[in-house]
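Order of writing sets the labels: A, B, C and D. Residues in every chain begin at 1.
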Amino acid sequence: MNSLLFYFFSILAIASAILMVTRRNIVHGAVFLITTLLATAGIFLQLQAEFLFVVQIILYVGGIMVLFVFVIMLVNLDVSLHLVQFNRMKFVSTILAVVLAGHLFAAFWITRNSLNLGPRGEAMMQPRNTESVGQALFQNYMLPFEIASILLLVAMIGAVVMAKRKV
Amino acid sequence: MNHVIPPSIQAYVLPVLYGVVVVALLPLLAGYIVLLERKVMADMQARLGPMRVGPHGLLQPIADALKLLIKEDIVPEKADRFLFWCAPVLSVTMALLAYAAIPFGPVFQIADLNVGLLFILAISSLGIYGIVLGGWASNSHYSLLGALRSAAQLVSYETAAGLALVSGLMLAGSLSMKDIVQAQYDQGVWFVFVVPVGFFIYLVGSIAETNRAPFDLPEAESELVAGYMTEYSGFRWALYFLGEYANMVVVAAIATTLFLGGWLRPFARYQDHLFGTSIELLDLLPTILFLAAAAYCFWLAPRQPVQIQKIVMALVGGLCLVLAAGMTGALFAPDAVRLGIHGAFWFLAKVFAYIYAFLWIRFTFPRYRFDQLMRLGWRFLIPLALVNVIVVGTTIVLQQNWEWRHPMLSAIVTTAIMLGVAAFLAREGSAPSEPAEVGEGN
Amino acid sequence: MSESRINASNGSSNVTTTVLGADEIILNMGPQHPSTHGVLRVKLKLDGERVVGSECVIGYLHRGVEKIAEHRSYQQFAPYVDRMDYVAAVSNGLGYCEAVEKLLGTEAPPRARVVRTILTELQRIASHLLWLGPHALDIGALTPVFYCFREREEILKIFEKYCGARLTTHAFRIGGLQYETYDGFEQDVKRFCEDFDKKVDEYETLLTENRIWVGRTKGVGILSAQDAIALGVTGPVLRASGMKWDIRKAMPYAAYDQYEWEIPTRPTGDTYDRYLVRMEEMRQSRRICLQAIENIPSGPIMARIGKVLKPPPGEVYHSIEAPKGELGYYIVSDGTTQAYRTRVRPPSFINLQAFDKMARGALVADVVAIIGTIDIVLGEVDR
Amino acid sequence: MSNDPSEKDANVKPSEGTSESAATPPKPATPAQPATPAQPVAGAPPKPVPPAGATPPKPVGAGAAPPTKPAAPAKEAAPKPVPFDNELTQRLKARFGDAIREATLDRKQAIVLVAVDQLREIARYCRDDEKFDMLTDLTAVDWPKREKRFDVVLNLYSFSKNERLRLKAHAAENEPVPSVCEIWPVANWLERECYDMFGIVFEGHPELKRILLPDEWQGHPLRKDYDILEQDTAWVRENLGIESGQ
């Protein structure tokens, strides 16, 4: 039952990722991106990491993707639809793709025997991971957490300043 | 029954069963909430409301549903057919999905996730897509404008509502809905009395989140006509409508669980027994309520003008009697059944009380303008919610570290501080001026 | 600015937008629009959400009443007058009958004048109620409209008992009244006035202190006193801009000079002030009715002017304080039984012209409130 | 309620009456329509018909005085417009000389006839010096028989003096009348309506186009020679291609 779910989610993720890239209509692309993110959230849930599952949904799908869809709709992009998307840069991009694939394959090949996942912990046995995530963030990794939040704050203020109408 | 189903599936039987019950009952529940809304609205406006279909309009929701089923289903040309179809479906599924974690009673809960509350928040935040994609797919400038406005409203008020929940969570200490209610039982007080400001912020946030007056701007803006729902008709529009009312019940359920003590009977820990039997006095309340309703129905039945209405009114009276009997019967049943039924009753009673507050607010307040709405959200509610979280957090820490014995005093202190902050934030609000001064003519 | 020719693509869809420059849009509201109080089409030039300019396209309800007047005798034209401001038909009738009486040089007997005053004040209350209901509905308050119609129904019942009609009543005749007041007229009016004060308090509790109502109306559609006078605005809109002027006090007609009442005014002239002024006016009208009902003088109800009216040649201008503003009749007689020229000074038409001044700088959502607060009736605007 | 005899007459022949009345000069004294039958002698004392309307009113007899036979309404001296002279007209005459043609008092209302070309200066003077700060109404009357056929009538009101004044100016058919828009902005729509209904051109008006009638409308309805009947038959013939039977 468990592995069945896993295969379902992963196939869904890969399929919608491919669909997303190949879509002509921007909004369809966004919708498929959302399905990919939801599929990965499903995989988190499958690994008994409910907090990550929920955070993934709230953060990515509920937050960032909403802004994506906002931008897509505010700046009506029908204009860009008619441009030919696959431009002359085809040759260069294929080379880059091959190089990247080579790297990835080499990395997997070298570490192939240390890839096995740890034994899947019994469901109820682990401490509930909300507390564990909370402890990790606020106790052990306090400093990086604060730095990250300040970084985000700076980014937000930057965005606000830039978006302010030059009035 | 356990030995019949293989153990691996057995964990799924009960949730699926509850799921089916919820999905089946929800449209009916949403329909009757619509009827309740129209009746309450009529009552507040010195009129009668729907009276034609069935006695006192009791069959009105069924008539509405039938009408919507039969109505022609128009798809605007050049609309994005796929998105146009899946937007309302998305909106309804998100609303239904959120029921997975809602505890209708100690027994009747589809799945007790240990991130229950967060799960519901996440799912309801997905509801925005139903609206935004619907607005985009109807390919009309105005439904897009309406969709973007309602999405902006949802996003900004979700943060405020979320932060308000955080203040309640800190008291409960756990995300699982069952534990929250249990915490309120252990602490012997509903959280609404400990963090009233949090409850208020959540009330306002939830009204805005379900796009209801006085925040129902996107549909009611006079030049946006019906916002993102303009191009929808027939059953698709009914789906949106069902989504909205289901969301309303979800939001009411969260508030009930977190602030109003879920399925706890008022004064849950006050055990006094009715002359020596094992029945607690307060447990009789539901029975008395249903008996009163039955009496009222029977008193009304002969007064109905039409014969058929007399019968149906009598039937409704009978139904109330059955429920009253069920309630009393449950008193003598084993604990699990008693708790389950009474818990469900109290939970639904509180949910309906919360929804009644929604309706009440809708008919007394005019609509906010969009910029006022945004200003209220960002400049008043979110800072207030943030400060609320901080203040409640510090009082809890003080309470634990300094063995502060009387929680009620700390609750009053926190509320006082919060009201001070709220007054400060709302200071530039316009004070209403005195009535027209009259003077002698020239 | 050159007015680019806007062709409404399809008459039926009530909202169409033409995108001009990047920042300026022409938004087209009406003529079928829920909150334009009739067939009024407003072309708004928007910069984002702000209204930069506006143009009212009217004439959809033009029936050529003044042309008809050239072919009707004085008595025959009286019912047409009710069809102009169909919400305040009784006060239209009063204005016209008094204008013709002035043309003839006679006056209605005292009893007729007092009954006319009572009915006109009741009509003012009914007209203000029909303003408050839809105005609150446009701003989103769903409940006041039903309370207003409940009270207005009482007044219409009194009209119906008196002259058989509720809306276009044709209640008065040139020279006085056609009908004697029915038995129980005094009791009906007294009963209505007695509990009406509590009813107005009901509306006030619902709206005046309501923070959202104040937020939506305070500082919206401001019209200063100078602008009001320059734009010829009259009635509650002028009084809300600080001018203490009412024709019932300035040039008393009918029996207004016999009663004690005050003129409500407000200083700033925004939507909230106009709301307060009209609410106070309803209370003052009630006061007048109560005083008038105490002693209705007995005596004839019709002046002796005979059947065929042939006013000596000449002209007259007579105006009364209609609920919407100064309603004037300029009648030129050439000695025959038909008026040579009947000109109606329409308060709604002239007040509507001030809409452009009020709407400038407002938000699109406020336009609806501003149209409501001017209180126009398209029958009177288009004539 | 018995239909009143005189009303019946007027109803029967309004349309036919108009086409003739336009032809015959509207001499103020004698009734214009020779065609209408002689008016029934007003002498017949119509009893005050008891109002038998739907409402059961108190019988008239009880309250009112016994129905005396109303003598035919005595024609009191027809109030002829009387020339009048007060400080206002003297100041006007001193200031503008012969541009002030005449000042009359008709039914105790002041009317001042002015030359049309001086209209704007007189209007500005009235607003600034004479404190007539509100233009209540601006309209026109069509006297087709006079060579200067239109009367442009301005109704002024002074808040401080609580007084009304009516300025009148005679204007010929295509003679432009100076617009008073800059003095009283309310004149904008009022002048547009005058242009729409009478065809009087107000020069200096910011945007003179039709306000009530559709822009492509032919003719100006409130002119006396604008016959509804002929307009209607023309429209029917043009749009429906048949002869309207009226």
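Just so we're on the same page, a contact is a pair of C-beta atoms (placed from the backbone, for glycine too) under 8 Å apart; a residue touches a chain by one contact, two chains touch by 3 or more.
What you see is a predicted model; the values in this text were computed from it and never measured.
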| item | value |
| --- | --- |
| Between C-D and B-C, the pair joined by more C-beta contacts | C-D |
| Maximum centroid distance from chain D, chain identifier (CA atoms) | A |
| Mean-CA-position distance for chain C and chain B (Å) | 44 |
| Whole-Å gap separating chain C and chain D, where each centre is the average of the chain's CA atoms | 22 |
| Approximate Å spacing (C-alpha centroids) for the pair chain B, chain D | 65 |
| Where chain D touches two or more other chains, by residue | 162 |
| Chain A residues counted as touching two or more neighbouring chains | none |
| Overlap residues in chain C, where contacts from two or more other chains coincide | 245, 250 |
| Category of the chain touch graph - line, ring, star, complete, other | line |
| Chain B-facing residues of chain C, complex | 14-15, 17, 27, 29, 33-35, 49, 136, 138-143, 145-147, 150, 204, 206-216, 218-219, 244-246, 249-250, 262-266, 272-273, 276-277, 279-280, 284, 363-366, 368 |
| Contact footprint of chain D on chain C as seen in their complex | 58-59, 62, 64, 66-67, 70-73, 75-76, 102-103, 105, 161-164, 178-183, 229-233, 243, 245, 250-251, 298-302, 304-308, 312-317, 319, 326, 328, 330, 332, 334-338, 340-341, 343, 345, 349-350, 353, 382-383 |
| Touching residues (chain side chain D, partner chain C) in the complex | 4-7, 10-11, 14-15, 17-18, 26, 28-29, 31-33, 39, 42, 46, 48, 51, 53-58, 60, 63-65, 70, 72-73, 76, 78-81, 106-107, 109, 111, 133-137, 139, 141-142, 153, 155, 159, 162, 164, 166, 184-186, 188-190, 193, 197, 210-214, 221-222, 224, 226, 228 |
| Chain C partner contacts - residues on chain B that touch it in the complex | 41, 44-47, 141-142, 213-214, 220-223, 225, 362-372, 429-430, 432-433, 435-442 |
| Touching residues (chain side chain B, partner chain A) in the complex | 8, 80, 82-83, 113-115, 118-119, 121-123, 125-126, 128-129, 132-133, 135-136, 144, 147-148, 151-152, 155, 158, 175 |
